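Two complexes are shown next, each including chain A; its partner changes from chain B in the first to chain C in the second.
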Partner chain A sequence: MNKIKTILRGKFFFIFGPFIFLWLLRYIIPNYTISSKTPHWAYIPPKSCLGGCGSIDGLIPFVDWTNALIQFLRKYEIFGLFTFRDFTRGIASYVDKFLDFTEAVLHKGFPGYDVGPLPWIFILTLTIILGFYLRGWRLALLGGACFSYLILFSKRGIWELSMKSLAAISVSAPLAALIGLCLGILAVKRKRFANFLWPMLNILQSLPHFSYLILVVIFVGIGTKAGVIATVIFAFPPMARLTILGLQNISQEIKEAGVMAGCTKWQMLFKVEIPAARSPIMLGVNQVIMQCLAMIVIAAFIGQPGLGHDLLIRLQGLRLGEAFEIGVAVVLIAITLDRYSQALALKEPERREGNFVKRNPYLCATFFAIIICSILVFLFPFFNEYPKELTVSASVYLDNAIKSFTRSLFVPLGIFRDWMLIYFLMPLKAVFQSMPWTGVILFVGAIGWKLGKMRLALTVMLFVFFIASSGYWVRAMITVYMVFASLIICALIGIPLGIWASKKESRTKIVLNICDIFQTFPSFIYLLPAIMLFQISDVSAIFAIVIYSSIPMVRYTVFGLRNVPQQIIEASITSGCTDRQLLWKVKMPLAFPEIILGANQTLMFALFMVMIAGFIGTVDLSQEIFRALSFSDGGKGLIIGLCVAFIGLTADRLLVEWSSQMKSKLGFKV
Partner chain B sequence: MNKEAKISCKNIWKLYGEAPEKFLKNTNNNPTTEEIKKNNYIPAVRDASIDVNTGEILVIMGLSGSGKSTLLRCMSKLIEPTHGQVFFEGNDLLKASEKELIDIRRHKMGMVFQHFALLPHRTVLQNVAFPLEVQGQEIQKREERAKDVIKLVGLEGREKYYPRELSGGQQQRVGLARSLAVEPDVWFLDEPFSALDPLIRKEMQNEFLRLQSMLKKTIVFITHDFDEAIRLADRIAIMYEGLIVQVGTPEELITKPATDYVAEFTKDIPRSKLLNAESIMNEKDKKPYENTVNYSDKIEKIASKVLKSESIFSVVDDNKEVIGSVSKKELIKALFAEDKNE
Partner chain C sequence: MKKIISLFSALILTFALTLSSANADKSGVVKIPTHNWSSQLVGAEVVGELLKMVGEKVEYINMDSQAVYQAMADGDIDLVHEIWEGAFGASYDKAKAGGGIEEILTHDAVTREDWWYPDHVEKLCPGLPDWKALDKCSDKFARADSGGKGVFIGGPVDWLKHDAEKVEALGMNFMVKNAGSADAIWAELDAGVAQGKAVVVFNWSPNFIGAKYPGKFVEFPKHDPACTTDPAWGINKTALYDCGNPASGYLKLAVNADFKNNHPNGYKLLKQMNFSGPDIDKMANYKDTDGLEVSAAAQKWLNDHKSKWEPWVASSK
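The block that comes next holds the complex of A and B.
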């Protein structure tokens, strides 16, 4: 009797009890299977006719309601003057004005004044000087190499495409940074606004891109300006977050020094707080730029021309060699912009004394470079427009190389793919598809409750209920299965790699550097090798997800292991631990909370990538989103987007809470 | 109110917790320790009343968490007290408008911080000129003034350096210069030398005394180091768990500790550094002996020569008149007195 009581009180029962119970229901209820026409309500949420039995099979017609709201915003005239859509389109037309300018400078020229676009020699030279200024010759070399590639490999117009993309980024990035900065400042100054902003940022950042692309199409239209606006919506949240973080982390003393000097509120903000937080704020700018780059392919879905658009077309046509060439261009631009903006964030002001030239060497260098370049452009047409005859393209060779590579690996890869499908993916999918929604709700609720937070339990249960009642439960569970499968593989790869890397300083450095480079790749790039190796299947989707989302797993494992206090390690060694004991008895338990955070990040990355993998044909929520995109079904897109966001937020809430509780038990600062 | 007082604090309370004003009101502004604890309030400052006199160095000392920094911040209204009054030159600071406060801080107060609190993106010169800049002074005038103050703290030639290029001691010199740039009447120093190495700390204390001998400011100085307090203070206020336990001159604290806590604090202080010949002499013995010591000499200074010789020393005042005598016996009694008490 006592034994049963302890079992009932035990951790295991609370977490798995409700789940197992409802799983057992399948043997009690006759028509339990997914395939049966009328599954029991406890398994699949029933269809209700609250919304008039429309096209959506939901318990609650969220999609219809959202569409009604969108219709209202499109049609209803505020004060009888203009609709909400007129308003958004009005804003978009301002964006268009900025775009006209950057596009003219970078690739269209000013035909009215008979002035061409900025010649390549200017862009190349100025990039190199900027690199020198920001960090030194290495950075200058990187920038120079990047733009040289764009010029040299421009047989298929990579230079023009890059300039188109850069023109869009040079409007969207500053705009997103500015919006993020202002919202961040407002949130720090007004507590109530912060309470509103945080959850908004959470949802915005976990919403898949495609779901608001549809809304952008409805309210703005298509083309470059729509792309820019979608990019801004996607890119401003990290800026707002980092601004808030930066402003909150200013040391109390510095703020007091400002107050004691007699600063007014505005002086405080502009002379003390923003400068003191400039590093995190500039890291926010770095994040914004990276997000903008990640969006260049996604914005191509709503008709933004540029590198992303051409990459997409070539991927669709399976012209992998050409896609590869463009992919390299995207990656090079991404790495260059990343390193430049990072250098800018970390740059400390330098002391220079002497005459004007000595104090401002880079200003003078820029000045002379402009004069020399102008003369060159004036004298030689070569410097104005790089001659097409001198450009090269490796796409034919690449195509051949890829073909022979995949041909030689066709059989082993095929075997591997089939083995994965039959013995790992399909059984796992079956497990997830037979999970009753009621059981899942109880499951997440039980974990939340076990973590000791009633509010947390209710929140996550509400999230799951939303997904279940929206009518996309079956699809959502396929998404969950894909994410979960990827998470397992990521852990199997990432944790050992992290352990290996954390053993030596030199390894850590190399591995973290590789992680850095991989993380700068725009996500669509990962589809390239996936299609090359596994054609179109669940395996290729999971392959793409795994390479993309192993990065945080490795990073957090290394971080956790390397952050074990040196004293504890020394104490263990002097107690006579072997290397293995040290790892498993000391380091791993202490690094575990960090590894859980890594798993959480991996999950977020995977969820994000699943949505993109929908492009190569998976049957989960992402496919529905793509469908909604092609029908411009804003309500459906948004609701599915929220389903995805809530999957992410459910996992995020629980894992982060778990990790921070473990950390505080271990006595680490949270 | 004391006429001489530059700053006068009356019954300052600072409690952290939920709706502390209401709680204070309910307890007639005088809750007991038990009441505070029972209601989950954290008392930072409890019923502190103290005057800072014009031209004096008042050192507030206590261990970390004793509320000394909070009390200092109440004096400049960096922190709003839960209850009480702060008079600055007779005006109630807590009733002052935001504009008046900014004005007072711009012209009458200077503050030095434990971790320097320099603005990392500004050069030494720009940091020192910062308080003048926010006042709206034009660039030439303020940089001239800043250069003067930089010279005063001995950092000439470093005007164009950035804080990260300076050592801790040099950074705090910038901190001192910045707080002095506006020629404040009152100078707040919040553990200014605690973050420095012991040797540098000593050097900076000397620097501080040198500056004060020239400038004659009214000073509130926070420290947790009793040695430092004795070296610098005209008066010392000792705080314990938010209460001011005793206020007095260094000698008073050592010779007449108000509580066991103060006695415990002062126990390890070498008396030789503090007591002078006058305070230990035998007043009845006014015979002129061959050897003399001045009445104000610290024991530290005379100990070795008195202990080495077998003879008795006369204590003389500034007019060379004998006012008492010191011998081995008195010295030993003074130095080891606490053993007798135990």
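The block that comes next holds the complex of A and C.
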């Protein structure tokens, strides 16, 4: 009896459990094959789509219910006055008012008053002064270089496109930050709201963009304002999270000081708590800006003009060089805004003595610069509009470089592709496709239970049950297979790279900077070279996924290894560890929980990218989500989006719990 | 709590009042959609410029080429000037049946969409463009993950093509791989041409890609309306789709049903508009072969075809 118990508790059982279950089932139901038209219910949930998923009921008709709700919101008139759709469209029209202003300043001008948009020289100069103010000449140089690129490489209108994108961001980022801040404050003050908000944030952050784009089109329409609203939905969750985190971690002494000084509730909030939580809140702002930039290309799908829109068009004509130039512009803007907002987050208020000019040197410099620039613009048209003759473009060379690079790799990579498909991906896919849904539910439940929490076990089982009953089980398992295959490859690349990078400070810096660049580079650009190299196959999709989602693996490995306490390392060295022993017996075990978190993040990135890889032509959930997008099928889009979110959340719950248990075993504070 | 409720209802009321004024803001502007292929982008700008000449205000909105028809019926978009029978016929008919759309005209340009191969494939597979010859050398189109069958790269699933049914009805040793986007098709084609490999993809004409990579359509049994409705028609007596796509599909222009009242001048203009096949070709080529920007390409077309559009504008003012 005891023996059986130890077997049941053992790792072996939990890893091989589903395979044993599958093997047993094959004997119970011998007529099962994957391709049979009516597979047994224990393998594939009844009423699932097997081939094409044109219209499908699912075990529980979630899609129909959602569509009925959407239809109700479209048609039903509250108080007989207006529908919910009118309400959302009305809100969007207010967003439009702000947009009209930022667009006029940055690229349209005020034709009614015969005033043009802000000339480039103003934007360049003000950026440089702001850089000086926030941190110093290095930051100013970065900002200046970025905007100089935009001006100089504007042969095909990169400057105007950037201004269009910035006009949209300068509405969406403040809006998202404000919403996140308010929700965060409300969650800290009202416990019941927090219980509601957390799961919502979890789902929102793992929902693929395309699933709510459809809803945005239905309830808001299309164009820049729709793009802004989709961006806000995507960008506010991290702000809310960081606000909650910041407000909760304020030390008790500060709050008590506030109480003793006789603060009212509002004074307490605005004069004590928010200033005390300034750093995490500003970090939240930084995150919001980065998320907004990440949405540039996605928002173009519902009609937002700017860099993203032109990027897609250039890819359409296979003009990779031009697309690459736009991609570089996006990266530069992202890095500049990132560094500027970080500097803003870390900037301490300073006090200067002396007369007005000495007290406010930057304000005066700005004033002075505006006057000089105005005179320049007035006298020389050069400063008003940078002449097109002086712009440059490297797109032809880039195009040739990319194409000849891919062409020189055709033959060796063709062999590699076929090898991967035959010996790794196709067998792996077969394994995932033959997993019975009943077995998978039991498997995740068992892991949850093993981690010691009944509640956790039930939650993850419910997640999997939702996917199974939605009717998209077969497609979902293909998505899981692609993510799993990518995860393995990411680990094989990311962990060694992380180990190598963590050895020296200088290497760490270089590798993390490269990570930054890859993370902000619009991922759509990888897709076409991936197809050219690997054809339309799972290999090209996984290649594109791996490029994007190895980043957190590297980051967390570096972070984990560098955060091993110094005294433990010293103790190991004095007890005579060799370098190899130090790494494998001391550092790696201690960094392992952090690496697991890295794997978790990689998984989330991969799920995000798997949806974009649908543009290559994979037969998984992404294909269905695009179909839903094309036919404005909001219900289907949302339910498939939830399937994707629940795949992510199942893995997230289990991995995070595992990591934190391991951390507490290793004696880290959690 | 009471306070909050009264505040909220006051908010809703003010909101309801401002709603009508807020939404009316942009109704005076003709909203033209732009999609993701070249001739449409340039053509949209041409249509826009012509509308400006008769005194309309114009705004361009980028959007999905299938979703656009519902948007036109809802009034989010005012006109679609390139409705391809093969690619968008289904979405267009569905939206039109729901009301809110007025069909204006059918352009002179005819469209064709079908299986297509670049010229070098003819050497690899003698007997093309006949589909039987293609089927005979299906092994040349096979790949590691196709299980010995030839691979045909089809358009995205939402283009609603019946390639898989066609393969089955004609008993071909091929499988259909749906690309996720048009870009994916061109990337496949580019790689196939560069390596001199056998590729057969979904393509359409007029299209810019024909200028970049010359090629031909595969000749299937000629299309007949009965082919898609009557199983007994054609080689396979028990299946539909045992034929090619229509070799001369329509290219239409349609507007939102309120367009006639809101934009009388524009309506008059659109009624006379008509693009020929070479017009569509040129618009695409100015952009893709000559490398002009969209607006420059549109301007070039306008400059080169004054005799064509000047009468349209003159009689619509």
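Keep this in mind: the second predicted complex is superposed on the first by the 627 of 670 C-alpha atoms of A that agree within 3 Å, B and C clash if a C-alpha of one lies under 4 Å from a C-alpha of the other, contacts with A are read in each partner's own complex, and residues count from 1 in each chain.
Convention: a contact is a pair of C-beta atoms (placed from the backbone, for glycine too) under 8 Å apart; a residue touches a chain by one contact, two chains touch by 3 or more.
This is a predicted model, so every value here is computed, not measured.
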Combined model on chain A where chain B meets chain C, clash or fit: fit
Which of chain B and chain C A:80 touches, first, second, both or neither: neither
Partner contacting more residues of chain A (chain B vs chain C): C
First (chain B), second (chain C), both or neither touched by A:262: first
Partner chain(s) touched by A:303 [first = chain B, second = chain C, both, neither]: second
Contacts of A:576 with chain B and chain C, given as first, second, both or neither: neither
Chain B versus chain C as contact partner of A:421, first or second or both or neither: second
Centroid geometry (CA): angle chain B/chain A/chain C, rounded to a multiple of 10 degrees: 160
Which superposed partner A:618 touches (first chain B, second chain C, both, neither): second
Minimum C-alpha separation between chain B and chain C after superposing on chain A, in Å: 21
Residues on chain A engaged by chain B in the complex (per definition of touch): 251, 253-254, 256-257, 259-264, 267, 271-272, 275-276, 278, 348-349, 351, 353
Contact set on chain B toward chain A in their complex: 73, 76, 78, 102-103, 105-107, 109-111, 113-123, 130-131, 133-135, 160-162, 164-165, 178-179, 188
Chain C partner contacts - residues on chain A that touch it in the complex: 52, 78-79, 81-82, 86-87, 89-90, 93-94, 96, 156-157, 217, 221-223, 300-305, 309, 312-313, 315-318, 403, 406-407, 410, 417-418, 421-422, 425-426, 527-529, 531-533, 535-538, 613-619, 622-623, 626-627, 629-632
Of all residues in chain C, those that touch chain A in their complex: 12, 15-16, 18-19, 22-23, 25, 36-38, 41, 60-64, 66-67, 70-71, 76-77, 91, 143-145, 153, 156-158, 177-184, 186-188, 190-191, 194-195, 208, 287-288, 293
